[in-house]
Amino acid sequence: QDKMMRVRINADIRSTDPGVNRDANSDAIVLHMVEGLVGYRDDASVAPLLAKSVDISEDGKTYTFKLRDGLKFSNGEALTSADVLSSWQRYVDPKTAWRCLKDVTGSGVANVTSVTAPDASTVVYTLEKPTALFLATLARTDCGGTGIYQKSSLGNDGKWVKPVGTGPFMLKEWRSGQYVELAANPNYVSPGGERTGYVGDKTPKIGAVRFMVIPDDAAAKAALYSGDIDVLADVNNADIDDMTKSGQLKVDKVAAMGLTGLLFQTRDPLLKDARIRKALLLSLDIPQITEALTNGQSAPSASVIPVPSPYSGAAEKQIPTRNIEEAKKLLAEAGYKGQPIKWLATKYYPSLFDSAVLVQAMAQEAGINIEVETLDWATLLDRYTTGNYSAMSFTYSARLDPSLSYDMVSGNKDKSPNKVWDNPDGLKLIAESTTITDEAKRQAIFDKLEGMIRADVPIIPLYSGTRIGAVRSDVEGYKTWPVGYARMWGVSFAPGK
Amino acid sequence: MIRQPANLLIGSALLIFIGGMAIIALFWTPYDPAAIKLIARLKPPSAQFWLGTDEFGRDVVSRLMAGAVQSMTVAILTVVFAITLGTITGLIAGYTRGLVDRILMVFSDALLAFPGTLLALGLMVISGPNKYGIILALGIAYAPSVLRIVRASVLSAREREYVEASRVIGNSEFTTMFRHVLPNCTAPIVVLATSMFGWVVLAESGLSFLGLGVPPPAPTWGNMLSAARTYIEKAPWLGLAPGICISLTLLGINLLGDALRDRFDPRTEQR
Amino acid sequence: MNAITSSPLLAVRNLRVTTSNGFPILHDVSFDVEAGSIVALVGESGSGKTVAARASMRLLPKAIRPTSGEILFQGRDVLKMSDGEIRKVRGAEIGMVFQEPMVSLNPAMTIGAQLAEGLRLHEKLTVEEALARATEMLERVKIPNPQACLAAYPHQFSGGMRQRIMLASVMLLRPKLLIADEPTTALDTLTQREVMEIMVDLTRTFGTAVLLITHNLGLVAQYAKKVIVLERGKLIETGPVEDVLHRPQEQYTRTLIDALPKRDYSRKPLAAAPPLIAARNVEVTFSGAGNMFSAAEKKLAVRGVSLGVQPGEVVAVVGGSGSGKTTLGRAMLGLLPLSSGDILFRDRSMATADKAFARDYRLQCQLVFQDPYSSLDPRQKISEIIGEPLAHGPKLNRAEKAERVAEIINEVGLTGLGDRFPHALSGGQRQRVAIARAVIRNPAFVVADEPVSALDMTIQKQVLDLFRRLQENHGFACLFISHDLGAVSRVADRIVVMEQGLIVEQGTVGEVLDHPQHPYTQALLKATPTLGIAA
Amino acid sequence: MHALWKYIGKRLLWTLPTLLIVAVMVFFLVRMIPGDPAQLILGDSASPEELANLRASLGLDQPVPLQFLYWLGNVVRGDLGHSISNGAPVLPLMLDRFQVSATIVLVAVGLATLIAIPAGLIAAWRQNGHVDVAIVAASTLLMSVPSFWLGLILLLIFGLNLGWLPVVGFVPFSEKPWTAITYVILPIVTLMLIEVGVLTRMMRASAIEILRLEYVMHARAKGLSERKVLLRHVLPNAFAPTWTMIGLVLGGLLGGIAVLETVFTLPGLGRLLVDAIFARDYPVVQGCLLFTALIYVIVNLIVDLCYPLFDPRVTAS
């Protein structure tokens, strides 16, 4: 109980303010300390967390949350609907710069017109229009789970100090560039039930967790082997065999919901010709590439909808086959004569760099001349955002709903140059999918979208990835899940060690 | 007496070996260094692949040979560029002295105070990572040290009596500079050039390590080395081969540099 | 000579020294040094004097080693002693003063530390006692303010003072034998005499024997009892000074003696003519090198000197070290800015001269540098060096240039050496290159800055003769700078004596040398050692 | 003393233009690099409005020259701003990280000097002998090993295979001195080995020069033992060029040993800078580089000021 568990993070966190000035590491740690009204399950579906129940009105516009009884903040104070309101007010204050502000105030997913608290344990949200994604938005990790925190989280000047929440852990020390240490929350109140995602019984079983900043992958791996850290939440595909064999480690893997793929600029003078894009697709052996990039750990997935999603149906699961002859024919038709195609990649994510190298070699066989340019991540992201590229290898973070997955790649290029697919019919279908809640109808729309996007080839998805976590063999109860973040509640050291 | 020919001998033997490898690679390598063979990934050294294969199933020997070409061109061009730039500015600084000198020195100090690799990194990110970007970046990063050394030699050479003698017989300052001052600064320049060669090979691998080396599929020892890090305990031969190549080249260069320094030292000549 | 002890203090027997690749440096050399006597070792440069001396202390460079023979010091063979034994002999029994005083003291140690070091090594003394002894010895060698001297560093002393400090450091241990390797070469005559006197005085007091290495036969005649003559590693002649110097048996010894500069009475006096070049109240100031801890001080090196040189006239400038000779010469060539006064060339003031005239002046006036080696570009061949000035004379084509160069190379006696680099020449040859370069364009005026003081007697004679011949053939005017009155008397028409930046006396050679007026000139003359056989 | 202070003052005054140029270069260089901190913070799903808002709140929407003047004004007042990534004030952040780098660099270079001096002296003394050849070969080899390569190998051997030392992490000395030492041993050894090569060669070369000089012979003529000759007469004089070299090395290294810090995951200045560059954390990059330049200049000044200790002939130049 008194031994501290050490977990690797690959970069320092940006802040402890939920959904504000954040990145993946910040989210992972903040969500140990604060909880929202709802949260994800392991399969990325949404379930109540601080709420006991959620009632949605007939017209889909009113959400009534009943809070659990006896909830307490880590400082021992009780949580009431007033805390929910005050947190919300800070979230929707533009000065806070909450990441998900636009998703709940109009331009995005939903428009919350009012939030009220009829009594100490009830909160009512009213929306302008019905939407399928409101609860999922509140649960989003990058929104900080819309976590509820006590007023004492803020200083007298209204500035963020540190989270005082209801999560299983609380902040002990954040040493910039070195580690973030959390201590078990003595006032944690469990809702009971199975531990899944961010919901269920989250009782801490260790006294303290230290998230260690180790930017270098090789060093992190070495640290895990030598016992300098106990948990490595994100293992390279290449290492899984050795780790399994080593006998000192336990490895746990699960299909993830990101997207690694190849993007084309459909306004590029050369690549605006769909035949060339198609030829490129045909020149690639996607299963082979995926096998090489993920060391056989992930199945190929040629759809923007990730494999674990319930909406990944037959149409989505289809993988295009390689056909060099056909590719050459298409190229000849398009009049391609070996003009070089600049392909952007980054070593920040080794798989992106490796995919570029593989694509370069495979496309060469069809006579396509690719020049790889390696950039640092910030530059690549800039080129992505401005659409200033011919082709690139890119990786998207997880989108937990198929509508969001499509939305991630499609849009009006004049307004959002970062979108790769600009098709008015497609955009209409996507908008429709967000308002419908019937699963079969949604599936039909997605299958149609899948066909359209595959015909156009603005993007070649390769795989949705695999999450692999590894822990020292004396660590018990650690589980990897598609969202990927390490969760340290319910985890403990084997007794006797 | 024993060592001088020895370091000349060993130094040039090593460099001829590496240079030979590079020259052969221009015409022939056992396999295509860029050919990907996904079924033969990370194979240990064997009769078929003498030094094994890398993470894409490419033959390490072929890549090592082709890498020699890349690493050598980058190193040679960078050194030439840095030495030329540094020598010209150094001559100007040492020659004009006064305000121009002060200004050049302030600039070179500023550049020197900038960590070299980081300056290169910045320039690389701007110019885009290609061979010439690296050469430009590293060249600019190293030129100030050349400037300083050349300037110091020029300042001391200016005080030599034979420089004054050149003025006494009526030569212009310009003739004096190029006929009598510059040729007598060659010793430190040669020594600097040889050490710089080493720095460049290391800096290129450092940049590759940070993700900004010569772009693929062209192999360089630097990017081979940095790629090998992920597999260091699984496939140690991947890192060992380029690591040893870099060390041998640098050893060769250092030994040759020593030998050259002795050669350019008039005191050795007298004996 | 010495009948009291049956065995001499130092006895070198059939000593043979070779380089590691077998090249012999000393062949079967044998000589004795008797206790309490001064023995001189002479011979031209490179004859093996230093090697013989160092062998006696077993301090040869690694590349050289004795192959046979023995060196008996007080009857024990130095070459067979253990390392520990030889270390007890070094310093305590045999002391050595090295050729180069400038580099014989450790620049990073205070004088006191260096003096005390040897003392405390060989005698059990406390630091205070050692320093007291050192102070006393510094007093004896006439170092002003010896207390302060102990805390100072070598670079703070002049050459003559350093030489005296070296002497003090060696004599402090009262060795039985003192080896002095050309202890006065770099010094002017006055300082030279002072150092020699101190040495003789010390050895007399402590009964030390001295092995004096020198190429200055005047010194030998004046101070030594016995002389040993070496030529190319072979012992040529040995015997009492009177015998060897006055009745030399060997040709080589005779050559050495003949090489002593003698007054040339054949020069005809020049008719009075307007001066070719003249200095008018010239003053030169140096903003002395200040250092981190003290501000720069101005130094007046030449203080209001007026001097004219007629066409074809040789004017000698003599004076002690630091008296401003070089400075005056360079000022007359326009190489140094004047702080006041003016230089007139062909009656035109250089201060107001136009560009064309200034260039003409630059081409017509040449300089032979004090140190020939450093004034030659080590990367140029001799013929290139000599031919370079022709680029600025009247236009010549390649063949004409080559012919002119060949001619002058012959004239200075360097035939066949045109393709060599400076480092492959001897000191005398280098000096001739420098002279050839200065005269190839037939200049009107040449400043020759101590062209012979770094050379040994035989070579010095060759160069002086060459200089005279050239001067007669080409008829240039000349400012001949030297601190050696002997050399001056051979070439000059007129002598100018400088002291502390001022001309204290001037006149024809006869006037100045035979009837010196100024006390400084008299002292200079008196300090010049002679064989005592001069006419 | 007066002149000394004047000299120091003058030297420091001359560093101002250097620092100004560094400041200008840094500022415009980092902004010329494509990529934008706002984008990195918001990630791949950022919308244009979101980006614009964040940029405005970071003050990045102003014209660059104006941003520069504003920043410079703050710097003059001693305020280096706050990190864009995590809002920490730059100056304390930097000083904190500098402690780590400086400890390692100073200890490593110090140890390297302690090894290089005897090694170089002995090699020079036994010039061309077996010992010399061995020392020269070893130091050349050390010089030619890339530091991250050496670091990784040491890490594999001592950290993983033998398990003697921890592989990653850092504990400040103030907390647990002994544990702290175990964390910095490997980086120090790595850096030391790399620098030993350079310094030994330097020491050897200058000692050979000195051994040729007359006063060494004179010292022997006094009867001093070889050990005393080497220690008293050769060492102090041969050390001056090595000292210059040490100055150059320190000036370069104190700016951070980014690669080594990455390999050993040390929270040092070098890594802070590299991370900041990749994160386009402008205030941190600017602060770090300005700081590094200042360190470089100060180290050079100190080296120059110490010079007369080894060589009394040298005063100011």
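Each chain carries a letter (A, B, C and D) given by its place in the written order, and its residues are counted from 1.
Assume contacts are C-beta pairs under 8 Å (C-beta built on N, C-alpha and C of every residue); 3 or more make two chains touch, one makes a residue touch a chain.
Here's who's who by UniProt: B, D = Peptide/nickel transport system permease protein; C = Peptide/nickel transport system ATP-binding protein.
Since the model is a prediction, treat every value here as computed from it, not as a measurement.
J.: Work out which chains are contact partners of both chain A and chain B.
T.: The shared contacts of chain A and chain B, listed by label, come to D.
J.: Could you work out which chain's C-alpha centre is the most distant one from the centre of chain A?
T.: C
J.: Report the chain ID whose CA centroid sits closest to the centroid of the full protein CA set.
T.: The most central chain, going by mean C-alpha position, is D.
J.: Between chain B and chain C, what is the gap in Å from one C-alpha centre to the other?
T.: Roughly 47 Å separates the two chain centres.
J.: Cα centroid separation between chain B and chain D, in whole Å?
T.: Once rounded, the distance between the two centres reads 21 Å.
J.: Provide the C-alpha centroid distance between chain A and chain C, rounded to the nearest whole angstrom.
T.: The separation of the two C-alpha centroids amounts to 87 Å.
J.: What residues in chain A touch two or more of the other chains?
T.: Counting only residues that touch two or more other chains, chain A contributes 218, 348, 376, 379.
J.: Going through chain D residue by residue, note those that touch at least 2 other chains and give them in order.
T.: 33-35, 152, 156, 160
J.: Which chains are in touch, pair by pair?
T.: Per the contact definition above, the touching pairs are A-B, A-D, B-C, B-D, C-D.
J.: Using the touch definition from the top, list the residues of chain D that touch chain B in their complex.
T.: Residues in contact with chain B: 14, 17-19, 21-22, 25-26, 29-30, 32-35, 127-128, 132-133, 136, 140-141, 143-149, 152, 156, 160, 251-252, 255-256, 258-259, 270, 273-274, 277, 289, 292-293, 296-297.
J.: For chain D, which residues are in contact with chain C within the complex?
T.: By the definition above, chain D touches chain C via 1, 3-4, 7, 213-215, 217-225, 232-233, 236-237, 308, 310-313, 315-316.
J.: State the interface residues of chain B toward chain D in the complex, per the touch definition above.
T.: Going by the criterion above, the answer is residues 1-3, 6-7, 106-107, 109-110, 112-118, 121-123, 125-126, 198, 202, 205-206, 209-210, 225, 229, 232-233, 239, 243, 246-251, 253-255.
J.: For the complex, which residues does chain D have touching chain A?
T.: For this pair, the touching residues of chain D are 33-37, 39-51, 53-54, 57, 85-88, 93, 96-97, 152, 155-156, 159-160, 163, 166-170, 262-265, 267, 271-272, 275, 278-280.
J.: Which of the residues in chain B come into contact with chain A in the complex?
T.: Against chain A, chain B makes touches at 34-36, 38, 41, 55-56, 125, 128-130, 211-213, 215-217, 229-234.
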